[in-house]
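You will see subunit A twice below: alongside subunit B first, and alongside subunit C after that.
Take a look at the complex of A and B:
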């Protein structure tokens, strides 16, 4: 078993190196195959962690460690994100000054749709995340946008995730070269090493999930966004996907990007697409 | 008549200089440990268990018996300077190449590693 997993890791790594070494021109010439990518990505984690139930990968570090999971299950009796959930529900149903509500901006009145975000907007030619769609809704209704990283934005996305719990992630890549390019760009960002410490996102979340980095247990990249937004004791509050990306970049001495920059949106598109089929579990609570 | 004291003086001088060298080595070891544990410097505990350090990570192997494994200190220096040379996939940051640590700091850390 041991040799098999390390062989697998080896071959995946080799694939990653090959990927990193290929020049952009060659990448563009290669056929981008998200379906095959997602399958290989999921199989890598399923085989590396044969004892983890597939639907459990969405619980981040808890899927990797039994003790931690027990503590978490106890905590779920009084989940620390409850205040955000209540606030989000309240905000979601409170009309804007013009009398409209968030429900008017989203399919199905915004209920049970988290699994479809981010999506590729063919008019814009860009990826639209749930956070971005929420601020666009506010601005379209004459309201100022919220900060992307916490508080109100986290409350709103917490509520929307909650109404979608258990629904399988269902990200589409339309037949549009720009959508494929966004997927590919997100993938490239995810596997590229950067910053003084020379880490890629994959160094931590593909190469080392389940390992401790100091006292923290690294979450697997598979299903890593299904629990967003999350409460973290370290933050003493909630954080959105944007907040987590910025934190991971700056903690590894890489220059963080602006929340909702094109690259972050593409990474979110990539990570969500390769998690297709795994249930939404947000909002999450973390140690 | 004078031979004996001269010999004594030589011995004494030798002992003194050995002592000074010993103290210097000891302070390099202490510096090296400090640099290895310092979160803003080596921060080696993020990934390695090391005797005397708290809350180690598990990404790399425990650092011990390194003198047996790497008798030549240049090997240890090379690993800290840029482990991607040996293993392009490694997670270990290239401390020398990316100027996270100076050559002097790496040398002190190697002194410390050789005591483990």
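Take a look at the complex of A and C:
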């Protein structure tokens, strides 16, 4: 009888301990905690690739493969995005018809601010990316918006990124439930499988960085947007963050969303936030 | 001989419905079903490129009077659209399994 009672008490205590240990995790899983998410995200990559210097993750596939890195370093002596940089610098300083310039729309005259984009606009209750802010600037000054996926927009963002090189990504999430919701929506988009191939962003850039997909080496998700915009040999030209998202969707056989849709803006917010502290390296060049 | 005759009849009966050529009405019914499923997938923000391609192929075949091919393409489009709807619905929760914590 005594043995049975002690067995019963023992089981009960074990069950209570197990419940106490697991219940806070259940609560934590439902709570949006960007700081904890960013820490876990960065630690995952730091532990998975202990030999890669933390600031090197922003160089995408080059951080994963020594041969590819050497080729890229040689290419950087005459970078393929140079023409876009020159064009972007000229466009940035050329006044609109009303005499104003892009510098009038941005803090610090638009120089060295790339690391603060995207940001959450508490007035609109939505995420504002650099590309969106540039087109809003144009429209506010009576100019037509540019295509979000290439050419002029890529040149402008290339120049703005170049003036911010080396500055650590510094995305803020204000104390606003809508901002937390945008972060969470971005996270969900990042991990959600889509397209006939049933791939999520994470299928390639979390589960398989450094691995080959056909002829390409996959970049790690950590710091993947720090290098934007990029010159891609595959595109034979420059492409913006919007273009990257659109292409990724198409490659999984999903119909891409419209550039600067809420989903794309939110996933850019999420990916940029979890890369906080890593340097801006854009514009980049990729195979 | 005794055995093979009923077997042949059974096989003929089995394949009889498939052997009939599709007509315009079959195509229209198949296309309407595919379009409805496709619209639902778009509403879920989870349309697949292959669904759109199959719908386009169905229309093209029907315009050329090939209702067999048109009906088959429409049915394929419907199946693809339904798979994308299933994916969208299951991923509402399933994405969490992939999250880095």
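In this text, the second predicted complex is superposed on the first by the 258 of 287 C-alpha atoms of A that agree within 3 Å, B and C clash if a C-alpha of one lies under 4 Å from a C-alpha of the other, contacts with A are read in each partner's own complex, and residues count from 1 in each chain.
The definition used in the following text is that a residue touches a chain if its C-beta (ideal position, glycine included) is under 8 Å from a C-beta of that chain, and two chains touch if they have at least 3 such contacts.
Worth saying up front: this structure is predicted, and the values here are computed from it rather than measured.
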* Overlaying on subunit A: subunit B and subunit C, fit or clash? -> fit
* Asked: Which partner does A:212 contact after superposing on A: first (subunit B), second (subunit C), both, neither?
  -> first
* Touching A:188, do we find subunit B (first), subunit C (second), both, or neither? -> second
* Tell me which of subunit B and subunit C touches more residues of subunit A. => C
* Asked: If you stack the two complexes on chain A, which partner ends up touching A:41: first (subunit B), second (subunit C), both, or neither?
  -> second
* Asked: Looking at the overlay, what does A:196 touch: subunit B (first), subunit C (second), both, or neither?
  -> both
* Minimum C-alpha spacing, chains overlaid - subunit B and subunit C, in Å -> 6
* Touching subunit B and also subunit C: which subunit A residues? -> 196, 198, 203, 207
* Using the touch definition up top, name the residues of subunit C that touch subunit A in the complex. => 42, 45-50, 52, 80, 83-84, 87-88, 91, 94-96, 98-101
* Complex contact set, residues of subunit A against subunit C -> 29, 37, 40-41, 44, 187-188, 191-196, 198, 200, 202-203, 206-207, 250, 253-255, 257, 263
* Structure fact -> Per the touch rule above, subunit B residues touching subunit A in the complex are 45-47, 55-59, 84, 88-89, 91, 93-94, 98-100
* Structure fact -> The residues of subunit A that touch subunit B in their complex are 13, 16-17, 196-199, 203-204, 207-208, 211-215
